[in-house]
């Protein structure tokens, strides 16, 4: 290493450092005002108020999360058309979480500290919610999370508008029990929701005289299910409780049918298969199988008719609506109700309005009420059956909205789970 | 006993899927040293061919049969396009082909998303291939798996025969064994490369058609599958078809047996450990092409 | 026993016998040329001696058994070789090439520091192979002849006692050949030199002894004159002897 | 014909010569370079950047640290390490485990273990991480140890080139799946999140987050210094020799496995360090950072910046990470196309990366000067 143009080398090292600095320069003027201690600043200076939409628009989760983003936008458009919130139009700022948890945290921080949003709507996976939770807590800013999840969580800065376990898993089990199914096989993707759900299922089964004959997890995205289906078949279980996610469902149900298993001989209750997934798996494989949700496209009621119609008008007649989409749509209206009750966009006042109780909304899934104590919502559980037309029709419901119980404190058999 | 037999068949059928995917790789990677990370997207192209054909043709069985040659050509041409535009410039840098084709795979995935939508699409399988075959009263095997197994074996047989007997096959082998000598002897190595890549990519298309029977059809359907398929080719010995075949089935059976007794995540770790251990014993894979050059 | 001793050396590739039972003695200080038609097994013989090709039999150098040792262990016993296609490190300078060749015994601390001066052995070799002027050029930019010389220089600094040179003068000009031949003569004072060569003119001028191989076996051995007079050699090697 | 051409992996003709590459300059000038870099990172950046952007820069610098290691192993050593996610993850988990334990307080279990693991006692392999000294050492030494063991197995048996790349990919996949499977003790897919403190300092305090940035920046400079010394040393020359002619080096009496092992282990240590710093900078470590995809993405910045240089990889990593943030904010689907092109264009048309563009421009101007 001789005769190196050293002056240049020095200059280039310096240039690198300078470049490194510049690369991050984008928006330095706007982000200086934020501090963590006093709570997030919300920019309400203009005629509009910003809200953040934080969904994966790229990566593996984009398939699901884009539909949530679309529903959020639909709700925002409707509200804006009807005059906005507290006289201000809602200006959505959309960010891509990229199906990557650290990115979710990064973008959440950006929405709060740079865009100064009044609230953020989004996240799908538990992992992304766990990643952003400290960000919202630290900045004292609000997140509305629209997806059914594994419970065992209650953050003062998150509103959970999807089902917790006692509004989806437990009713699903109640239904199976009522159908006289006494043995179960548990199949799930390997992540937090299925593992937690299955713990609850096992505790329930033990207390209710059901047997869990086996429990299997496949890595997320796994598409090789022949062995698991063999195990399921050999177990001779009366029903299968399925917490698989995404692509895995397609492979699982194709394999399930090939193995000669049917909805009649061994029904599968799925908690992550909504109308959109039915479409991509195919009714050929899915007809007659069961799902547990709080909403179906076919759920009766004027509010749903309006929602479905508006959604199809905006995004296409072939686009089905599903539970997480409906929960996302509802979450915007619930936020609006809270803000209006509080008379302010300020986070602490909005929270206080919700804590005082009585925030309700006539949602497509039926009337929902925010439970001020847990910041979850009362929801009606609905068991559905996949029809030949690809739609899911309700075969059972809980009759009335179930009080959210994220830590299952009201269920004696669940002590020790949380 | 029935259980062991049905699990054995499961292993063989996992192996058959692996084999179908690895077969194309054994040509492009094994014979040409191209680490084609976009192989998964060529598989997806094959699967989407079925989807598109079913839009046009009504019969599920007929469209599947027609899809086989069409997918072969579609994926093959896509492969040739990649070869001509990019890979041709990289024959001296095999590791770089890995990065470049990874980029290609990202772009193809996004193209699929933009054309067919991000969600998985649905294809119809002929009813003969959605059911199962009762071998004995207890032993039931899935007819789609049997179909894939047969397809894989036919593909291996055709490829072997093709490489052994046809003039093109002889040329491919000549180029693989000694590129310079082949060029000096007047072989148009560029054309042979392109044809090899066409066949290798086309085989990915056929794998894609087969996968519509057992898995999801979406933009990223191939990505999860190819790391294992590459391992199959590596462990089988680069450029060794028989190695690929043996290892695909062995790996399938080992995986299904370990999976049955433990869990999927433990199985994947065990399979990795077994492969590292195996490469300690045979660093060049099960079969090696012995030449006098330094390996 | 000093020098190279080979007994009953066999190398088999997939059933093909490349070297089939070779006995060879190269005494210390000899300049031995090995000739033979293509495929006679000359290079494979060198491969076997240097640990590259798996072989049976025995090969000793200065009393040390070589077979069964790893390539770098054999190199450390003082066996050095060059290759037909030159294999210098093209993206390193001449000096760096030589410095690396001189350094297998260096400890970690030396390795992790920069080279601050040119080691005397490297300096001497630079002069011997007449590359002092281009020592800071990338080896890849050298003409073919100089690359071959660099290879020889690398053997010099490597402290090899046995030089196994595979066609060292291929592609060289007349002057370069003469210079290389003279260099070989100088080397033989304290090294044993084995050269695989096709160039018969070069062989006649610089070989002390010659071994002729054919089809994996030794056909004939002796001085240049003896070998040339051997009718068996003329028979298999007609083309080359006539041409010579 | 015996040739020294490795039949699987021919030497890469496109890599620039080991000499005359910037970043490997003579002592005093390099000191100036490092000085200027230090001024930019410590003086300029904190002044012109707000907290949020500075936090982002800290994250980019972590990726740059990984890239420096990849530059050493791949650019100089020819080992395409597609498994850096493993070492990044090991370092990150080691750090996060300690921080989670301190957050929980003495004798307490980290939150997720109670939630998902229903554990009453800490698993034995968590216990040593309660010690800050052990955890800190482990962030670097654990990845190095794993790399050493793996490298011994792989390089001794002359597994290299494509085999090596694919094997390291498989390792990523296997480790990620394994970590996900052990949810009760590793946090599963969620990973370890919600980290509040960093060795007693509250990470919610913006001032402390700035300090984390300074720690990361100092670490990057230190790592660059180590790589610089390695590249200009005799070892650096030997490493290039092994890259271009592994067999030839063997005939010179070296065992190339050991030469490669050093670069591989050092690169693993750097990735581990980066992972450890990523945790306080970003607040999360999860299996998503370990798998096949992130591991390939670590390489992209190196390819863009120029694999064989010292600053090229770091620069490239920062640039790509920045482009990702900037582009994905505006055009999420365009980002995927752009990322694809980032893999393709530099590698095919500019194998030396942006660094070689600088060299090329310099040569062109030099020629013009001569002509004039």
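General observations
Should a chain be cited, it is by its letter among A, B, C and D, assigned in written order, with residues numbered from 1 in that chain.
As a working rule, contacts are C-beta pairs under 8 Å (C-beta built on N, C-alpha and C of every residue); 3 or more make two chains touch, one makes a residue touch a chain.
For each chain, UniProt lists the protein as follows: B = Branched-chain amino acid ABC transporter permease; C = ABC transporter ATP-binding protein; D = Urea ABC transporter permease subunit UrtC.
Predicted model only: the values in this text are computed from it and were never measured.
More inter-chain C-beta contacts link the pair A-D than the other of A-B and A-D. Ranked by separation of Cα centres from chain D, the top chain is C. Between the CA-based centres of chain A and chain B the separation comes to 36 Å, rounded to the whole angstrom. Chain A and chain D have Cα centroids separated by 33 Å.
Work out the mean CA point of chain A and of chain C, and you get 71 Å between them.
Separation between the centroids of chain B and chain C, computed from CA atoms only, is 46 Å.
Among the residues of chain A, those touching two or more other chains are numbered 1-3, 190, 217, 219.
Among the residues of chain D, those touching two or more other chains are numbered 1-5, 18-19, 177, 180-181, 232, 237, 247, 333, 336.
In chain B, the residues that reach two or more other chains under the touch definition are 113, 263-265, 268, 292, 294.
Against chain C, in their complex, chain D makes its touches with residues 1-5, 11, 15-19, 229-230, 232-235, 237-238, 240-241, 244-245, 247-255. Against chain B, in their complex, chain D makes its touches with residues 1-10, 12-14, 80, 82, 150, 153-154, 157-159, 161-163, 165-167, 169-171, 173-175, 177-178, 180-181, 247, 292, 296, 299-300, 303, 333, 336-337, 339-344, 347-348, 351. Against chain A, the residues of chain D that register as touching in their complex are 18-26, 28-30, 32-34, 36-41, 44-45, 48-57, 59-61, 64, 115-116, 118, 177, 180-181, 183, 188-191, 193-196, 204-206, 232, 237, 278, 282-284, 286, 288-289, 311, 314-315, 318-319, 322, 325-326, 328-329, 332-333, 335-336, 358, 362.
Residues 60, 62-63, 66, 190, 216-219, 221-224, 226-228, 230-231, 234, 247, 249-251, 254-255, 257-260, 276, 279-282, 284-285 of chain A touch chain B in their complex. Of all the residues in chain B, the ones that touch chain A in their complex are 3, 6-7, 10, 13-14, 17, 113, 118-125, 130-132, 140, 142-145, 213-218, 220-221, 224-225, 255-256, 259-260, 263-265, 268.
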